[in-house]
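The block underneath contains the structure these notes are about, expressed in structure tokens.
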Amino acid sequence: MGVGKLLMDPLLIDLRGDRGRQRRETLVRRTFLAAAVFSVAISVAIVVSLFGEAGAFLNKIDVSQFIANGWFPRRGRFQVMALVAHSAIITGVAISVAVPLGIGSAIYLSEYARSGTRRLLKPTLEILAGVPSVVLGVFALNFITPQLVKRLFSTAETSNLLAAGLGVGILIVPLVASISEDAMRAVPDSLRQAAYGLGAKPWHVSLRVVVPAALSGIVAAIILAISRAIGETMVVALAAGNAGILSVNPLEGGITLTGAIAALAIGSDQVAGDNAAFQSLFFVGLLLFVMTFGLNIVSERFVRRYRQRY
Amino acid sequence: MRRTVGARLVIFVGLVTILAACGGATSAGTDPTANDLPGGPAGSIEVSGSSTVEPITALVQEAFASANPSVGISVEGPGTGDGFARFCAGETSVTDASRPIKASEAETCSAAGIEYVELQIAFDGLTVLTSPENAAIGCLDYHDLYALLGPESEGFDTWADADTLAAELGATHAPYPDVPMVVTAPGEESGTFDTFAELVIADIAEGRGADVTTRPDYSPEANDNVIVNNLSTNPTSLGWVGFAFFVENADMVKAIEIDGGAGCVNPSVESIADGSYPLARPLFIYVKTNDLATNTALIDFIDFYLSDDGIANVSKAGYVALPDDLLNAARSAWESASS
Amino acid sequence: MISRTAPTPDLVQAALAGRRFRLVDSLLAGGLLLSLFSSLLVLITLLADTLRTAAPVFADRGLVFVTAPLSADPAKAGVLQGIQGSLALTLFVMLIGFPLGVSAAIYLEEYATDGGFTRFITANVRNLAGVPSVVYGILGLALFVNLAGGLTNGRTIVSGGLTLTVLVLPIMIITTSEALRSVPATVREASYGVGATKWETIRHHVLPIALPTILTGTVLTVARAFGESAPLLLAGALVTNFFQPSADASVVQLITDERYTALPLVVFNWARQPQEEFVQLTAAAVVVLLVLLVSVNATTILLRDRFEMKSLR
Amino acid sequence: MISRMPAQQLSVPVEGQVGTAPNEDEGILVARDLTVHYGSFPAIKDVSMAVQPNQITALIGPSGCGKSTMLRCFNRMNDLIDSAKVTGGLTYHGVDLYGPGVDPVQVRRHIGMVFQKPNPFPKSIYANIAFGAKIAGIRSGLDELVEESLTKAALWDEVKDKLHESANALSGGQQQRLCIARAIATSPDVVLMDEPASALDPIATLRIEELMTELKQEYTIIVVTHNMQQAARVSDRTAFFNVSISEDGHRTGRLVEFDDTTTIFTNPREKSTEDYITGRFG
């Protein structure tokens, strides 16, 4: 075996790699990259499609309208404040239902439930999370309003913010519960042991150790729930009514940000192109986008805080 | 046993496809080649427009469709105004209307080169309603209605708030009781709203330089049921719905008689058909005539609509059928347009 | 030096005794359990009320209700087009959204280095997942119905399907990413150790392990798309009592030429109908919607169990 | 005088007793045929031993021998595991710890615990120490309690200027001393330590060991350790546990030998003890 033979050692050739194999790697990599970039394209598309028409809308109308005279897009009256107020009321009702129920469920599941109970009760929340919002809309309209709201408050209108808020609240209970539970389960067992080792009772451990340690996750859950409640459409479109006059009475109906979009979509002004009513849809959409986007970022920050710690 | 990821994915997607097919996917029973075969009339018909007329047209379409499965048909009812907008943009070939086309809409149509024929198919009456418990109000005239519901009544929370305006207008039934007034009525996208504005508000409003519209501060509802519900639960409520819907719920609400200048008239099939009830309106369909030469399905469809079998759906949907002279007028208008 | 000695046993006994019934603990546990049960109660009420209201429809008409087309006549109305439309939309989401979502997740988890760009995309995806669905509807209207109307033919299933695809994509990416992240690094190292390339490692080792989780996440996402209605209101689905696609239309024409609706929109439309009969029909349509969703979810669980048995763990 | 926990009332200072030969039936904590099942399998079986006051008792043995399980019996931490079942006798000052009328919560206030990994609550240093007092309903004298406890744990000088900063900012060794301070702040009678130095570097370990020696003046300490040198250095008595593996793979621990530490390390009775301490297995 001579020197030349050694230089032709197959090992050396192998180290240079197989061209086809390399090319395939590059191709695969680029395909996946393209898919990832597509997601950015979507958000750009959302922002562009919203901003364009929303800008045209702002150019066309007098911004002072935003604070008075009601939301009547077909009359050229755009009191965005009324939409925001109604959304806020519904969100408030929803949160005051979902936060105690959701966090209570989460504490129970994470701290108290034995595995059997857990196996039985956790799917309840998962099923509830899978119920489409239009179904809860029907439930709010055909059950919550007549059987609950109207029985408690005889003066309530058939379409009312309270029933819609309750419906949205039910819808976001599983969200609050699951994120809070995640956060509580992320609290290391060593902390619970430490507390028990100091002679703590179960309620000390859950409320004084676990909940404070999981607080940033729970806050994230609440913020996300607010964002979800603001963005919920179908329950509101079915149960909250279309009244454009600003009303702070939850027993009256009122149109919300999402409700306004749905109302304009159903009465298909869409085709009408450049009139202000059609364009207001984009402006309201932009408002929703900005609000929920902001809340999501804040919530994400809280989630990261508890993820980093443990 | 080893399977690659790819194979697993194929199985996965395949299973879901089967699941989709089991539920009766849209492709069920169709064959691409069937398209070329001669058969009944083929083509597609898109109808939009008034939500009031939609039930009639939907029933007619259904009856027509069962005999003509090759025709693709869709009906929707966003409202008369929105319907004309789509019609004049060339997106639909028929539009339902609970009022005649407006001049501005006609302009849009002609600018877009859309030609059409207007066919009256039925009557509907607007019924102004209150709770059966509201004994104080039995009859109202146009001035009353304007004072209570017109554009200048924005902010009136009680019936008595309208007293001054009513007196100024010379309304017959003022002053009104000093009780809360809660108004529930169809929303602005609906033809019933337009008709109310046109029939009740327009003349007085134009005379006073006000907009032809109602007060905005009421509860607008898309669902007539909700309107009736709200009206029946509040003893001093006020609102209006289409006559057809009032008939179905006559036990829950009270119709207010209307004085159009010739005394108070109660809404009924008879008073609407003979023209004595003032708040009655004709219902129309508008058919785009540009396409008639190419779209034979459209001709067949309108032929069917105006036939005895088709027009019978007017009563079925709860509206007031046309007297013979008006029906014949519509039929001959269609005949001249389609031949 | 001082030491301690054992005190008398009864003194110790007294010191160690606690109250057998701890009020605060019992109250808290009871309250928490109650909050969990109230969710159960709501769910039971919802189902019971829906079933009770829907019962007459199924009693009178049985499964004909499912196979009958939409109708303005409550006595004849069925949900056929709704089911067809929903399944077609779902298929769209699966065929486009699934590969796209998985690909993007593979890039982010396996290829991308942890730089500013990757972090930007990841944050972007997370935030997109929280954007209200109705906003995606506006996007669908502006982009797929109006702007690209020439390609999608406006208000067709193509527009609706693309809108839903875009809606679920972020969720698909997140669930897939989490599945990939849960694959232990040792698996990858072992594969590289025997000379496999990145793609070979992913294809033969990472994906097979992550697949059950990915599929679970995927079908839950698809189920969400199945029940979604707000974006379709804007993306051109019909909210109507009657429509019929041409019986002669080819599959391609059905997708690109004909109008469409979806089951949740049938529910929405019927809930707004004034006639009393439609209250029952709405409940019946809700029942059909929930049954279909449950079967989609049950399929997931079956699939996952099948794959899990074969995978490494 | 700082506020006292109820446990303190138990300790009556008495002269004498130190240095007397321990009787296997007498001690502050006495186990008789103690068996712990996880599910249907015994994790430790038939352990009998007596722990003497103001001594450091070390539990050693190979991994899986049940020394931690044994430790957790002493303050009923095993109650937190649903499947755990304790049988046999375990008395504390002659009172059956698992007897009726004994509240595990109260037990843990008398018998404190320090864990393998430092586990401070994600709160301030001050809040960590004050936690035990707060849940016992004590509201006054907390500042003194915190200072005294931290001083006893030899941590005061290092943290006195940052009492209200997060405990997570401390080093691992400091965190563990904080956990010890937290445990002694409830004025326990006995302190259980589960491999308290295993997660620490040698220097921090040394400090913990010094601390243990100081603390035994006031407390009875039981320590689990896998580090034989540590056991030899700090403990007065040592218990050696060994594990047997059943045919179906379940590990059961048994107490092999329990004697003065010097005896165990220089002149063990059992062969397996000798094998273990000379490093032949484990």
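Note that the chains take the letters A, B, C and D in the order they are written out, and that residue 1 is the start of every chain.
Throughout what follows, a residue touches a chain if its C-beta (ideal position, glycine included) is under 8 Å from a C-beta of that chain, and two chains touch if they have at least 3 such contacts.
Note that this is a predicted model, so its numbers are computed, not measured.
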More contacting C-beta pairs: C-D or A-C? The answer is A-C
Chain of greatest Cα-centre distance to chain A: D
Would you kindly tell me how far, in whole Å, the mean C-alpha position of chain D lies from that of chain C? 50
So, what's the distance in Å between the C-alpha centres of chain C and chain A? 14
Express in whole angstrom the distance between the two chain centres, defined as the mean CA positions of chain B and chain C. 36
What's the distance between the Cα centroids of chain B and chain D, rounded to whole Å? 82
Hunt down the residues of chain D that sit against at least two other chains at once, touch-wise. 105-107, 110
Please set out, as single numbers or ranges, the residues of chain C touching at least two other chains. 239, 272
Where in chain A do residues touch two or more other chains at once? 201, 266
Interchain contacts (touch definition) - all pairs: A-B, A-C, A-D, B-C, C-D
Please give the residue numbers of chain D that touch chain C in the complex, ascending. 6-7, 9-18, 28, 53-54, 92-95, 97, 101-107, 110, 189
Under the touch definition given earlier, write down the residues of chain D that touch chain A in their complex. 75, 77, 80, 82, 105-110, 112-115, 117, 119-123, 131-132, 134-136, 168, 179, 182-183, 186, 192
Mind listing the chain B positions that touch chain C in their complex? 1, 3-5, 8, 12-13, 15-17, 19-20, 23-32, 34-35, 37, 39, 42-44, 46, 54-55, 58-59, 61-62, 65, 69-77, 222-225, 228, 245, 248, 316-317
Can you name the residues of chain A that touch chain B in the complex? 70, 72, 74-75, 77, 150, 154, 157-159, 241-245, 252-253, 263, 266-269, 271-272
Touching residues on chain A, where the partner in the complex is chain D: 114-115, 188, 190-201, 204, 208-209, 212-213, 309
